[in-house]
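Some structures are shown below for you to check.
You will see two complexes here that share chain A, one where it goes with chain B and one where it goes with chain C.
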Partner chain A sequence: MSGPRPYLRPAETLWWARRPYLAYTLREATGIAVAGYALVLLVGLISLASGEGAYDVWLNFLKSPWSLALHLLFLIGMIAHVWTWFRIMPKTMPRLVIGGRIVPQNRITAAGLAVAVAAFIVILLVAEWMQP
Partner chain B sequence: MPPNAAASVGSREIEVEVLRYRSDTDSRPVPQAYRVPFTYDMSVLQGLQYIKDHLDGTLSFRWSCRMAICGSCGMMIGAEPKLACMTFLRDYHPGPLRIEPLTHFPIERDLVVTVGGFVKKIESIYPYLIPKTPRRLDEGEYLQTPMQLAQFESFSDCINCMLCYAACPQFGENPDFIGPGVMALLQRYNGDSRDGAQATRMELVHTENGAWSCTAVGYCSEVCPKQVDPANAVNQNKTKSAIDFFLRFLGRPARSGGAASDGNAP
Partner chain C sequence: MKRSVAPVFWLLFGAGGMLAALTGPALVLITGLAAPTGIGLSPNFMSFARVASFAQNPFGKLILFGIIALFIWHGAERIYLTLRDMHAGGRLALMWICYGTAGALTVVTFAALTIIGV
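Right, the complex of A and B next:
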């Protein structure tokens, strides 16, 4: 009994469904939530341009339990996306030099997350302030 | 293995399961279990050496320096790509510890994989400095500031152990992908302020098998035993490749290199 040389092992097809690739898979999959948010806003913008009636339909859709459930899903996806995305971000950019020193990657991740949290709070405050 | 190593092996034992493949007798790889006595300070490599010296002389594996410099002993240890010399048996006690050849690579025999494709890729990227303007000896050395050095220094620490290739699912899908390690080497030269062949190497980066097979999984940088950060090298090149692509529409020529055609290149 003899075998081929060299021996090629069969390629794994479900690698993305196991550790250590789960964080990557989560990051890519939750991109759909980001696109979902953008789509909802785009539809809002189009309905605003189409007149008051269409805009009211959109506003009423936002208040529906379906929309609330969808947005809760989007929010969870968005948080997961922000978390995993800022962890890879320092690897996607040139070495950042401040004051003659290379900024450590975990600092860049921390700064990105801090900006995301700050933006979230600012948007909540603005929304609260703009409420009729 | 040092002569006194057998005498110093401890009373603790670990079960080690090695994926064996001998093309003359096996039609496919098969696991084989060994019981290996070990001490607190014994590496997985020393465990394999114990097997070869005392239990089974037919076991094949690559090794040389025993101290994470040569890059020979990369293998899958407990399903993770690791250097056998910098991984300790104690961390897997009582086992069973599964050891396999580096994944995504063809197996020659036991834990020895084919490295020919990897070496060809290294050769393809002009892995040497090609000066912008050649200088005569009496003109002195090429100067570089510490900051210019820092931009590429980690990329020059690669020891060609190929752990990043075993970590990369995209290399698993497409063996022609130039891959993290060779991209790090490419960036070691393209990121060097003294080098003038960026445009030549970018031709390789622009292709499907260049930077664009990467989907930023990032696991390559996690498994790197020398903190080279190959994921950073690949993704810096994605940005550069995209910039080159859009500059084309502005009618601006890409950064000129072209030194590769001045007689230095093969």
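Right, the complex of A and C next:
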């Protein structure tokens, strides 16, 4: 053996399931909801490309209790994503200076959340307008 | 100096994260809950004919491609970083699994939209 061998504190197993890391793990888990939802849409797109019969199978799956429960989980994950996303945003972006003053982080978070709520309402209104 | 590929994945992660933060909850509510149950929306909202014409429209194609691909890249980055922190496997192996899956699904999305045609 040559060279220094730094001491590595042994990590607890399942450290990510314990506080204070659990909040981090849950935040990262929202990525599963985001990608999982996209995967459901992709399956729908593939069935759409395969024809009406395949598409109706997918549509019937969406009506099943399994799918509704899954989408309820996706919705919870998405809302958690929105909340954490705009809480992280001011920490990852350059300092925002307006009128010679640094905009406080909680203001940036509040503005982001306000935009998200506005987008939510606009998309629902567009869906309402697109009704057959 | 060897350039890192991380900024590319980081950009896709950020774009997908912002898109999901602005559209995700509404989209899940519409396509996953309201349209299938017919609560608040017509049960024919996502009928084959309607969704097919949406996916045939170039603008509709762009929306579908952007949503599906960027959401997947966002999730892939988060899953990769978390698995890396959990020491679930070698760094390179995890990168190949996560980014490889996201890349393959992006190609599948593009192919499906191409097959659907205009």
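One rule holds for everything that comes next: the second predicted complex is superposed on the first by the 108 of 132 C-alpha atoms of A that agree within 3 Å, B and C clash if a C-alpha of one lies under 4 Å from a C-alpha of the other, contacts with A are read in each partner's own complex, and residues count from 1 in each chain.
Methods note: contacts are C-beta pairs under 8 Å (C-beta built on N, C-alpha and C of every residue); 3 or more make two chains touch, one makes a residue touch a chain.
What you see is a predicted model; the values in this text were computed from it and never measured.
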item	value
Touching partner for A:V97 - first (chain B), second (chain C), both, neither	first
Which superposed partner A:L8 touches (first chain B, second chain C, both, neither)	first
Which superposed partner A:V82 touches (first chain B, second chain C, both, neither)	second
Touching partner for A:W16 - first (chain B), second (chain C), both, neither	both
Which partner reaches more residues of chain A (counting touched residues only), chain B or chain C	C
Touched partner set for A:K63, first chain B, second chain C, both or neither	second
Common ground on chain A, meaning residues reached by chain C in one complex and by chain B in the other	11, 16, 28
Complex contact set, residues of chain B against chain A	21, 23-29, 80, 103, 106-109, 113-114, 147, 150-151, 169, 172-173, 215-219, 221-222, 229, 231-232, 235-236, 238-239
Touching residues (chain side chain A, partner chain B) in the complex	1-9, 11-12, 15-16, 20-21, 24, 28, 87-88, 90-95, 97, 100, 102
Residue numbers on chain A that touch chain C, as the complex places them	11, 16, 25, 28-42, 44-46, 48-49, 52, 55-56, 59, 62-63, 67-68, 70-72, 74-75, 78-79, 81-82, 85-86, 112, 115-116, 119-120, 123-124, 127-128, 130-132
Footprint of chain A on chain C - complex, ascending	16-18, 20-37, 41-42, 44-48, 50-52, 55, 64, 67-69, 71-72, 74-79, 81-82, 85-87, 105, 108-109, 112-113, 115-116
